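For reference, the structure I am asking about is given below.
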């Protein structure tokens, strides 16, 4: 089995039950999530060997987080324990015209405060085929940009494929900081996942006449963005997720994979949303899985889009679904008939 | 009041709360359900005298099941207690492109292991007007095909109308077994309820050029299926449910009644689904109710379709709704204004 | 900060969880609500000084209700304690073709049995800018019509703007009683909120060829109704809510404001409904807020419609949302992207 | 099977979950209960034929209540539907030094407003062996004292044994009213159930030097009270429940049966309380069951005390337990070993 | 009405439902609490005018916290909004031999990072009679020791009575730091609340031969500690809580008040614990209430002990109980009879 | 780290929330448990390398069970997938005089129907130090007695220490069957765990004058039983759990270890029970842990008794507690003071 490693922050996700607002809540559903951890769980549920690297506080909250990852089959053996706290994000689910809200309370987390000494990349990357991180990891500040580069260098040396999801978070760093760090890190990256909005925010790369709020980019626009990214950073592949935000309840969803030459668009799903957080991460995992398993570009983008379509119907950050379910959707399922 | 009897298995239904997947569940909502029991509850809530016949284990689970039926007004006086266990089915509710999943754990149930001696049909059918069962009952195996035939014979002798819902379950028996048993039993049946898929699976009776997955049968196709069934088994009436599975969240729903000569199609409802399990059973009950109350064919199919439309908005197997609610929908309600 | 006073009944709202029917419920979610209280909470969450006047029983239920209002920032200092009970309404949430049901159990409530002596309007209206009540308040019977008139007179004397939401409740009084009382009270009113259905029920004022059940009134029809109301009662403004009830799950929603001369229609929202109870009240509050803050007629109706659109996505009677959220929707939000 | 009838009010019981106070509650657990209904359910779960007579509102709340009784096997065929509302009681569970609180909201209930014409006692008492009511029923006011007397007379004429639980409720009537009514009704009673506190409140009958708050009455005191009651009303039997209220969490519990000559004391249980509401009613049912089944006085009091001991460990008003469980406790169980 | 001010941190309290451990939790009950806020809520529910001063983040979590305080009647008008986050504490409820666990995640909270400029003590203390804080407030670090002293000085100048609960938290500061700060602040204090353990930890003041773990201090020992504290800091009064920790489920609880000359011991309660967090705070509030209302020393200690006894039976940090309930317990209640 | 293997059945445990009875339940809390799995989880949470061997159905229920074990750190790599179903047990929690009830629905489970080919003991026992099973495993019938013997033989050959918990289940097999099988298997066993009741049931070995129901065996009696067991089966050690069942809410609990020569009794705990299921298994795990870590007999029995004391305070079959918590209790904790 091929081995993957993802590296980043995982947080406690606190969410009022159902459609309650935070101001109405008397309890919070407690799950865990974070871009790179979500990818690891997706890969593990797709039966890959998926290690997640992070630093967790050595208390019941940190251990609970580790246990949850372990439950889904993630290899947690390289997780470091120490530091002060697990970051938190409060998530309020939107509906119809009311948007979902996320409040981050992640400053001072064990991983954000971690140091280079915490991670032995040589050991971590032993026998590994793929390394994935997102733009959130360096954005955590402290030593994290440096640590990310150390990880990338170590991976590169071992010939490991590196993927990165741009994932710009404006509350974590400025566009300038992001551009500087990500431009540096992208030189190690083989496969970049982005959307047109982040591409514009971080690198100033956009398509002519794009209108992002409305989600109305033309196919040509997406291809143009992908091409520019490819050229700028010498990437092998660029994947873009295409979300049409009709409302908090209904979205259009598809993806595009550009292999340096050609662009492949997946079919588009109109989704009644259960939980859209982690949609992009499940797309990334679907893509990594596909590429590691030698699917063609067109198969890969269909698999990634279908996997992430299913994610939108599942509560929590994690895409708890099987390979068979994704494949069934790719093959034309999705009509919702009961499996008896 | 006219009396009905239904006979079959009722199971404990275990379902994760809300849209949780089984792999995420920490508790299960516990209800009871099964094709024939669902029909009995529907008839009872429509103020009919509805007895349900089955065998339940003589423990708290079996008694709990009996009590639940009693709560909804079903006559439970003919239920036999004994045997080892109540069958279970785990039900995971789907959403959008993710289908609902059902896992059966019903082998060895008290009713499936029951014997002819458990049921005194002469006494059970005392003063009864209508007998209903489904294809699931003989599919339970053991002595059940034989017992079903004994029930049919006893009903026939007393001049009781017999209806059957074809309900093919591929996990319970093969097409060959189903065909053999159901062909035999259908000779006693007056009113057959089916859908085109089951008709094809069990009897090989289909319309030309049908495309069942997509739910795209033409009106002529349904009429053709009904006519063939009528002719083959000398049925008085055949009713077909017409489901358009757009997704696990949204379905089109209507019904057709063929009275041997003419076909009557109900209006079609586009439904935001709360729970579609038991939809067919509520249709059957609506039909039985209508026919027992001398509604015309066109009224009957509208009533049955409206009743089962409402079922899709109600949690659990049972169609907990009143005659007045069904009639209001038939008369053009369904706009969802609040009844104050 | 400008001060508002609303006067009326607040009830305990008991609702089965999720989409359960009352007949299935083993617990009730317990919130509080009532037309005028809902307006007060909306105004308070929009950062207005909002007092609510009522009479509550001096027991844990009444105190719980007071505390809940206090929580949302409503000024509860003028609430009178005494009498026998808090009125209750049971609310069963509908879905798709199944309508929501409301069962009132409000007879004999402390406020319905209250007397003129309970309320010192001179003190209550000290420094107040706006007084709001609805047609439900006089419909409670007993001394309430008289008390409403006393309140209106006292408000008028102090030069306070008075608004009224027609809100006809056929279970509380007949059309004749309503017409008599409301015709009398409307002479004090400056701003009337109504829908075409209530206008017809109470005053017999309707547009030609209207079809209310279907919600198909033409723009001209609404203007005609507003104009007639304005002329009949010498109103300054009339606002009308325009609901298109497609089903219990999906509604169209917009509003119209007529300023005596011109009519202003808001944009129309297609809403996936979470809870539509209190929709009209949140519209009223949005309107009052806008007019007190010198918005133009066209701004006011957009703000009111957006505020009440958001209400439909929030559980409970109260519109728990901020000014910023409403303004964002007015400005073209509503696409449901996550606020991170 | 011998038949029993009980007559009185059943209410909706609303209780915050777990040990929450009403002021903290965001939902209420919803069950049903009332002295005579509790007795009926107990008798039905002890496999007796138990009819309950009352009047319920013809809405979903009333039907829900009927269905719940039906679930437990109570014969609900003689329940009358009509009137305005189901009475409610809010119940807050105490713990340790904090007492449980009950808030009644029962005025104007369908049964309290019912009239003599609602009940056809001749038909109700057809084939009945035992009639039971409590002091709460006449205390409901209106026509209820008169209706109770009509019931008692009809029962007497048919030779039916009559039992009454004194159950004084100071919020429903004064001592004087209670004395007048109960003295009249007690002339029909064969078996009176009381505790020393109610005996004192209603009839002024007490033991010398009793200290009720502390629960410290001597055996001689209880016998004296029973004897006086027997003599005053020509009763055949008097049963007294002996509660030692150490705290809201721990009680001592036993009972005494006086057969006119001799007094029989049950063993005393020290109980970790789950829910003590309905404890007295389950005692009454245990006694009625025992006497109808020809147990000796000493067996009867042990059975009644054991049944009601178990009630204290069960949530809700109803004593959901089997004959076998009661008998096992009588025989020396109660050590709490797991039944595997 | 007399006015009180308390100053300190309030946190979000996250607790697994019932007796679940953190490692088992899938949701957290969410309440708010903190020593000084708990005192403010207690005083407000005892109908005092109680202001709480703190700094909260200006997001939905901070506003939710403010709203909750407002719900209970606390004056929140002096709360400052700003800073980064609300502190959190995870609380796992123990049972029997398993202790409760608290995990603090409070570093970097808005209040801990606040500056002198955030608080205008002259305005805050306008018309105030009593100022209360605990040893936790200066222990938060940053500018808090200095701000506490500023508050004390301002209070002293206005002749406001000052009370302090020693509340040593070893995770917040060392014994040395605590001694230095608290020795300084205690010179402003009139009434000190402590237990023998904290007295020893902070000031090294203890009774001869004390055995704190076992809770076995003699009456003389407690008096000795109080006397030493009084003498050292020129206090008017010292109150000590006396907890006997038999297990996490059962505690003995009483209090002692030393008025400089005489010591008054309350009666001792044996408590079946629902939630013991906040027990000391409710004691402090009971004491402040008593002293502000001119109760005698012996009445005051009984009231304080009874109030805090009740707190142990209530979920959450806050002592949601009425004056009447406390007084009833003082007068000999606590037998747990139902209040009907 | 030393490695352990346990082998047996794990079931889905379905339990009504809180103290609800099965007849009242509308949902079931869903956990997993079974004697040998419980031991494996305990060992894993004590930081041992603990593999659990069983056969699970290859569906979402079986995978969910595997994931749960994985979450707690159990090595699930040797679990076999296949067969028809996961066994179930319904568990109703008792209180006070009402006993807990367990209903087994385990017939036909994947593990009970498994064959010798399913388990490759040579591979399973690679590098293993300790093998543990209980009397339940052979009692499952089918090939299980034979498979157990194969496992024992393989373990013996590799010099692995073997422990067995007698655990007689009368619903699974007769005393005669148990005696035959267990006598055979015990010849391989080094450490036997039993209680006096099972010893009597299976082997007819008892102490003179024992009174098991009352839990009143003398120390000498226990020693006599242990000695007889040791002698009969050439055991190295016998451990006995000593439960005093005062009620379903309160138990006395201690243990005894007999090393062939001397008997060591632990201290006795009086426990307020949260959940006593799995108490014996946690004792076994504590013992295995102690013996594998070279604790003395007296230390070992104290550790085992303390570990299982804590289990009684934790919901579910699994003893989710840390080594540090057990050690703290051994050292004199248990007073329930909050760990802050």
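A, B, C, D, E and F are the chain letters, set down in written order, and residue numbers restart from 1 in every chain.
Going forward, contacts are C-beta pairs under 8 Å (C-beta built on N, C-alpha and C of every residue); 3 or more make two chains touch, one makes a residue touch a chain.
Keep in mind it's a predicted model, so treat the numbers as computed, not measured.
Strictly by the touch rule at the top, which chains does chain A share as contacts with chain F?
The common neighbours are B, E.
Under the document's definition of touching, what chains do chain B and chain C have as common neighbours?
Chains touching both chain B and chain C: A, D.
Over half of the residue-numbered contact pairs in common: that is the test. Which of B-C, B-D or A-B passes it against A-F?
That interface is repeated by B-D.
Please work out which of A-E and C-E is bridged by more C-beta pairs in contact, and write that pair.
Counting C-beta pairs in contact, A-E comes out ahead.
Approximately how many whole Å separate the CA-defined centres of chain B and chain F?
Those two chain centres are 45 Å apart.
How big is the gap, in whole Å, between where the Cα atoms of chain A centre and where those of chain D centre?
The answer is 62 Å.
Quick check on chain F: which residues sit in contact with 2+ other chains?
Correct list: 18, 21, 23, 26, 67, 101.
What graph shape do the protein chains here make by touch: line, ring, star, complete or other?
It is other, because the touches fit no line, ring, star or complete pattern.
Please list each pair of chains that are touching.
Between chains, contact exists in these pairs: A-B, A-C, A-E, A-F, B-C, B-D, B-F, C-D, C-E, D-E, D-F, E-F.
Where on chain C is chain E touching in the complex?
67-68, 70-73
Can you list the residues on chain F that touch chain D in the complex?
Contacts found on chain F: 18-21, 23-24, 94-102, 104, 169-171, 213-215, 245-251, 276-277.
Mind pulling up the chain D residues that touch chain F in the complex?
My answer: residues 18, 269, 271-274, 309-310, 312-316, 320-321, 325, 329, 332-340.
Tell me, which parts of chain B touch chain F in their complex?
These residues of chain B touch chain F: 14, 17, 21-23, 25-31, 59-61, 63-64, 67, 84-86, 88, 90, 92, 101, 103, 105, 107-108.
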